[in-house]
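Labels for the chains are A, B, C, D, E and F, by order of writing; each one numbers its residues from 1.
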């Protein structure tokens, strides 16, 4: 998998807190072409082996000439309702992908991320068709494009459909990098002024929330390569440094330095506030949820 | 905004534990008329600026002569299924709003609450159209009317649709006041004998749960003006005093006195069990999630 | 209720850690026949008393000659989409129930469990029609059958629909026993190599998750009769012994011995690591969530 | 059947050409009540004997408190489309029936006519549910109300749906009496300035057409009690006298005197132009299609 | 095409008026198997060459193990409505085909007839998927089975859907043979007591109608091998002898002897009433519409 | 397409029988732009005056930037089914309009023709939205494009949907000019080798049919400017000369010279076979149906 190597070549810089993601990410056409070829091959194989699924695979993947059309069709059919017709959404997605090519290249980076990091992700087409986190993020990116174009009512209507259908609630103003994995995804909430870097992995039920009824910049900033465990709640305009790890179920109200681990409710740094332990890997990519357990367990049980 | 002043005139009494909400709330026709005028104006503005959304805005808002018809239409289209047709639900909502006018005035109070407390709520129509917490609460109120009329199978069928569509699970027997904000709302669970007062704000993933397989009064009672943070789990027939605050991710198994803050798993009172700190504001309205952080952080990190 | 006695006759063996559920469970035809008769009687009563619901009850229950047809119809209509037609799903469910009769007998055991354990479950038909946890588990069992038949793309497509519609995300490879209650169910996540025994009760927002990006056996094993409270997160290939109880909101990273209670984040055993308290009841059946509270509260507040 | 006698009491006056129907017809509440009672009884009987149809009968008939609601529901579901929602049409029909009670009493007269004249019409509910001619006429009456209210775009949109769904094309401006039977109905075309009297029976493929591209009064006027056979084409602003009969397949371009019979292409009067044969019965009610055959056959074969 | 020869072996007996069709027709399993193999091969070829159609071909044909399932699926999706669900109709068709195997063998005979007689019928799958006459007849046969089982309300509901969707109106009591071609089919009307023999071809807009409001046997009887031209109207309990031909646009009110031709309005026998011309071919199979033209033209122009 | 060259060689001479229509017609962009501007203005006016219709008008007309998108959207929603999704059809129509601009300019010519010739056509938007004949012809033109591209299975599937939805059955191989008015349209049947010139007006129930089971060129050729009355049946490879008129209900089996009138069953030329009367106007445009009546009536009654 060429993209794997490519990703290893450019890890998130470890020496600084790079929080503004480079969205939209640079184009990477060869990845898109390669992934689309893979997806078509997988869908052909599955349609052949499973006639009951062939109709679905043809309508959603195999009848389309390109990834952007397949994805637009799939999202339009998932998100349409009796008052927001699929043809309208299909048009909307197609045009957004066409005028903002980096939205599609970010989708490709997300597909590679899911395949690379999630052992349950058996194929690219599985992610494209079935991962609600993947689909929610792609639809969000289009809502974000609309938001930045000052088409806010439409962005919010799309946001509402994503929240209803996928139970994933990302405010259209939130900025999200590429190479994102929302694993399981149900219940993820990301607030209006939140920022998520590249190569971040976020489990289900994670909240990047605000702190009150004042407007302004009030949501977390998540650095590149961060891993946030299931059910973690991160509140306020705080910074989670690149390569940091947030334990499952943690409630984080304070900044977390790069490459450290925060756990518990309220969250504390593993190794202590003064000299927290630092890890060398990039948890958002390695997906190591639990290496801190022995240290932590010793400490508190 | 007249309602703001009105709300300030009648804060929840701070000296007593007023837990039974005054449901159904008193009528407030002028608010309804004013809010509906606002909603129409907003929808007109948005339909003009965004042709792709105009059809949706006309069908859902602008073609209706009144808020109850618009809301009935919207809920019917959201909650219908291939076996529960939209026309049936539309009839059901219309009649409930017509025979129980306080259900609609509570909806108006909720619209005002969302607009007042949530900085991301940019307009009344945004709340009416897109807030799954708002829509789930309005549909719940109708289910509750059915429940009190001993039309329980229908109440439970409606409850089931709300839980499927919005991932908000409020038992139809639960009593809920007015001026309610369910922010983000995904994953909220409210049990059969729970009671929620007026002007309460509840974040997503909050549970007001029971304690076992025995029937009877077994769920929490939430006082007026309470704020419950994301992911908090409150279990058993306990009382959360008016104006209290529950921190995100807390697991609350004991009574919480008025205007105090409980945090942690298991939840402890900020300031200590004996002399907990008391705050002056009404957190359900001020939405101050995090002012206790410094005190709490000092205490435990 | 005959099944109640029957269940009491065969409690989970308390002396050993029996983690591999006896799936598929033995046939129990008389239960099925008795429950189906009950469901029809309930649906007739409700259709008579509530004309607005009669159409739904006839289409979903009363027009069907048997439980498997009613359940297949109901699941097909719940899970269908514009690209996965209801007739296809109906066929799929019908054939799976027909060729794997233990899938249906497990459904019957689940119906009995819900009625027995959940005081809010007022009738069998209420559970059959409205419990998203019940419906998600039945659909999962069919997805699991497909998975074991190496029809993985179809199993994953079904899994995806279950996750979208019910916000319940059970990997089709996960093995689940009978007599299961997923109460409220929203947000439950069960990973690929997880195993759940018989007579287990699991509340909403519970995660049985993995530990990283390595494949292999990496998810929890839940013994018979276990009760897992709302929002608990259990991570890694650890064992929760039969009859154990996991407190709401706990984050469990270590084995939990049989008939003990683990609470907190990170979870500790009530009574201490060395000599944890042991209870005599089967929490998965007694649904006693909170008896440990006084002990726990004394300990930590 | 009381209505039968009633109809006999007021036969169409035989001595004059009464072409302007007394639309809207006078109210006849007792008929409506009696017919609705019959329909409910029939639907109950059929739901009991045929579980597969019970859901349909409950949703369409038995869950409704009155004929106008049942008919509004049924028409709304028949005529709705992805861009004209059923709830909108339901509202529209309900309001029209409510504000124009004679529209509903005309529907009752049509039900009585179908039952009286068509030996294949086994019950009132059969006509209400299944006769596309009956349903097309009722929907037309609502379109006509809209037309007379100068709501022409809506009238024409409704007209278009009727033409698509039932293949019955009646211009909304056409005036139609009561006691109308459109038997089989497919392909009936009635132009803008056509007028149809009371107690008229029209078979399928009948055209009441115009004569060219000039506007103005250009379509046929059909007197009370006329019978028009299958496939007859009547063109231009001509008068078909009350009680006249038009043979199947005739092409009529000239006035036809009362109680005479016109047949053939082009149509001639049976008995000759000068002294046409006159019949005593009212063919629109007796439905005698063929008594002229022997005379005609002798004449031309 | 083997069936062609087979059909020639058993021409309709020319010496007697055999009007009661041998319905249900004898089984012909080998034909069914051969035709189904053809259909699958055609659908595979078309799915390969036309990706846009592949989804439709898989869902409707290629995912099904047998012709009866494919046809049941296709009819259910064509005829379903918001109040008559596709799963209900699918079940109904499947069971009828299963319990009445001659219904399916008649469908096979119709497929062979269309392929044999209609030069525009380029493949069996084209007929199965696209011929509204073919589909209407198959659905009618199931309605007829229901009628003979005294399930009349369901038969009439199905009849109503056929009339709406295909504009083909065949009373469920009408008896129809096998090897039937309804070409184009729009507007065909067949009354309650009509009988249609084997190997009959009927063009669009043809009426087999009654004569008035009396019940009883009042519709035409059509012998084997008859051809009825477009727009012909045949009224009353008259007999059209086997192998007869009815010219387009004719209005037939009298018996037509075997192997003669009737044309005109009113219809006369070609060659004269006394000694009508007789033809040797079977027009229902040869589809010779116009060989009589020269004779007729000479006669009347 | 051989006919293309042929068409260029022989522009319609007004003095001879020109049967090959000049399809595809030359581009006429200014007409398109002007008509689209009109349609938008009409739709705006109607949306303002009729809120109940505004949603429909916005979704179908006002949200689209161009006529081809509006028409593609409208046709896709009219013709879609549960197995042929609207997004697929939308794509198909859009691409056909884009790659074959003359298809759209022919649509514009048809709009102008309807507005010009039909006094009941009150606006362009009325024709675009509501005329089933107009919509059927536009969809046919796309099916014809597919047919000429050898995408026959898709062309036939589209043909089948047009026949179901509009009861208009035009074989995709039939060649049709521009400036066509199918008035009322129900029941029109046009065979495979039929050709229809420019500026032709055809009423409902008209058949351009074949003569038997032989393939090859077997359907009528209709010259420019022809008017065909309701219910006329024209059979065989015969020629209807330019500017000819066919009376309603006629059965035409012989050539009809230019600018003459044929009426009756079987059709004869008005004025006699040898020296038929000739008219000066173009009946397809003047829509004069009945000027021959006096002459004809004198002749035969």
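What we mean here is this: contacts are C-beta pairs under 8 Å (C-beta built on N, C-alpha and C of every residue); 3 or more make two chains touch, one makes a residue touch a chain.
Quick caveat: nothing in here was measured; it's all calculated off a predicted structure.
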Given subunit C and subunit F, the chains that contact each of them: A, B, D, E
Partner chains shared by subunit B and subunit D (touch criterion as defined above): A, C, E, F
For subunit D placed onto subunit E, the superposition rotation in degrees, Cα atoms, nearest 5: 120
Higher-contact pair (C-beta pairs counted), B-C versus C-D: B-C
Longest centre-to-centre distance from subunit A, chain (CA-based): D
Repeated interface matching D-F, over half of the contact pairs identical, chosen among C-F, D-E or B-D: D-E
Per Cα centroids, the chain farthest from subunit B: E
Subunit A and subunit C: spacing of chain centres that average the CA atoms, whole Å: 29
Subunit A-subunit E separation of Cα centroids, rounded to whole Å: 57
Shared-contact residues (touching 2 or more other chains) in subunit F: 52, 55-56, 59, 63, 77, 82-83, 85-86, 88, 91, 167, 186-187, 205, 231, 249-250, 265
Subunit E residues touching subunit C - in the complex, by the definition given at the top: 55, 59, 63, 73, 76-77, 83, 85-88, 90-91
Contacting residues of subunit C [partner subunit B, same complex]: 46, 49-50, 52-53, 55-57, 59-60, 77-78, 80, 86, 116-120, 122, 126, 129-132, 165-167, 184, 186-187, 203-205, 229-231, 247-250, 263-265, 286-290, 293, 296-297, 300-301
Subunit A contact footprint on subunit D (complex, rising order): 82-83, 85
Subunit F residues touching subunit B - in the complex, by the definition given at the top: 47, 51-52, 54-56, 58-59, 62-63
Touching residues on subunit A, where the partner in the complex is subunit B: 81-84, 88, 91-92, 151-154, 156-157, 159-160, 163-164, 167, 169, 171, 186-187, 189, 191-192, 205, 207, 209-216, 218, 231, 233, 235-236, 249-251, 253-254, 265-266, 268, 273
